[in-house]
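In what follows, a single structure is set out as structure tokens and then discussed.
Which chain is which? They are A, B and C, in the order written, and residues in each are numbered from 1.
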């Protein structure tokens, strides 16, 4: 008649934080090294070794930071929403922490994409900001990140913040394509004729390889910082547990 | 066989294990009295029973079935009176009861709710047309309790129902509880005062306080 | 059982409407804000008719968005504070249906007054008369979406610190498609372009919101009372 729910047993099998601490302890130096090497090679190739663009000149080099940052902005949002869903559905506490730790990294990538976009816009369009469809979409994505971060930290009980923001992340995930579509639609409706579109001819291999290398560096950087941040979250959890133990012990 | 039972329940609030491995059983006509120090989890257990909280481990069964499996049916047989009275300043007493009656859509509930009878049972029939903003704390409490009699339900979950009640109202509540139990109803009641209703099963939550020795163990919670 | 569900849903709508009418100033607040926000614009951009007529659809829509957002607090907050929400969650009525009922009541007391006030504002801003019909149509399709999406935000911030500021941060980015399609519909009517696509997109957004928002808001409410 009584079937034990087994929730607690399930949790400990997959999400033991101590096991995560052990694994990540070994992983973090490797991730740091890989990130460092990828950035060193990628940045050299992108900023020095690759050719300047025949149209844009040296300013094309902003692309090697801007495009991977924009990719990572979307990647992090997807990762965050995915982790949030796992945390919400399977009550996986480590997933909650991964979602929470991903948000500021993703927001930073999004801000980087916006700032480099503006820097690129100055020589390209003669102005820091244009209401270009892509820039606008990324700006909205930035607000979605801010909303997630604010909601996550708005509750006194961390679990409540994790669940509320997980729902928000999923709502956002459904909405991101709709927002993207509406902004594209809005842009084609109002598109000023003078703006040069970014899609040039297909990208040349001498530029593609450093771009991919930079993307790999950004991805590796994400996982490195994620591991460090999740470790920090677990430590903070342990400290709270110790405090409670003192209070009730 | 017991009508209402919980088996090896663990409740985690925030990071604290409020209680662990708590089991209880109540038979038809039975009363379960929850006692224990402040913070021992009386309210948490009642909210767990009502289905507002999910247990970290364990099951709660009504008539042998896990209540979480068919939550909507279970809500139809259960009435919960918490710390808050849910009284709207702008609605009259009768409007409150008519609204709550309309919300109870359990099959077999009477079409015409007995608003006046419910109000009379708690001695506030004369206030029926008064808006909620004019009620005293005790009168609001009586109104909240009158919900119990509105549409019959077999399980009553009462969180410190005597708060703010005068002696006359406490007597009316005790009479209502006794009537309910006579017809086979089940009552779970939390209380910090020392009273002991007749033939009550007492559950002392201090006996299950895991938190006293092991606040939020990593191994079991994660 | 099915009839019980319908009558319970109607009971929730009736109760919320009754509460809104008895606290009349609360629902009037949104309309007053809407009118005031629009009336501020001529002071900001000057009284020139052509400029005002040009920006009228956007101004009216942005003000409607903000007015709808400000009224969201009423949706669940008081029920959360006085314990009614617990009892609503514990009633046998499915929670997503409860959300639909409350959103409908909210729309009737804020969306519809905004709708009724908008022609007056359109006149004040000198919106070309061709745009009037589509402004109303777009608002009629858009404001329920504002209430639905807003319900998710309102449910998520229950019990949060600084909930009022937070809800704007959560909800406004999600309102952007409604704003874009809503303004585009009116602009299309004025400039003589086909207004069908933006109207259909607004209707599509409403259908999607109707399918998903109650479910998300119900999940958020369950967390709020836990």
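List of remarks:
As a convention for this text, a residue touches a chain if its C-beta (ideal position, glycine included) is under 8 Å from a C-beta of that chain, and two chains touch if they have at least 3 such contacts.
Just so it is clear, the structure is predicted and the values come from calculations on it, not from any experiment.
Contact with chain B and chain C alike is made by A.
Chain centres computed from CA atoms place B at the largest separation from chain A.
Chain C has its Cα centroid nearest to the centroid of all protein Cα atoms in the structure. For the pair chain B and chain C, the distance between C-alpha centroids works out to 36 Å.
Taking each chain's centre as the average of its CA atoms, chain A and chain C sit 31 Å apart. Distance between chain centres (mean CA atoms), chain A to chain B: 46 Å. Among the residues of chain C, those in touch with two or more other chains are 226.
Residue positions of chain B touching 2 or more other chains: none.
Residues of chain A touching chain B in their complex: 1-8, 11-12, 15-18, 93-94, 157-159, 237-238, 240-241, 244-245, 247-249. In the complex of the two chains, the chain B residues touching chain C come out as 47, 50-54, 72-73, 75-76, 78, 80, 82-88, 90-91, 95, 98-100, 102-107, 109, 147.
In the complex of the two chains, the chain C residues touching chain A come out as 152, 156-157, 159-163, 166, 169-170, 172-174, 176-177, 180-181, 184, 187, 201, 205, 208, 212, 216, 219-220, 223, 226.
Taken together, the chain A residues at the contact with chain C in this complex read 140, 143-144, 146-147, 150-151, 154-156, 160, 163-164, 167-168, 170-172, 174-175, 178-179, 181-183, 185-186, 189. Remark: chain B residues 7-8, 10, 13-16, 55-59, 61, 64, 66, 211-216, 218-222 touch chain A in the complex.
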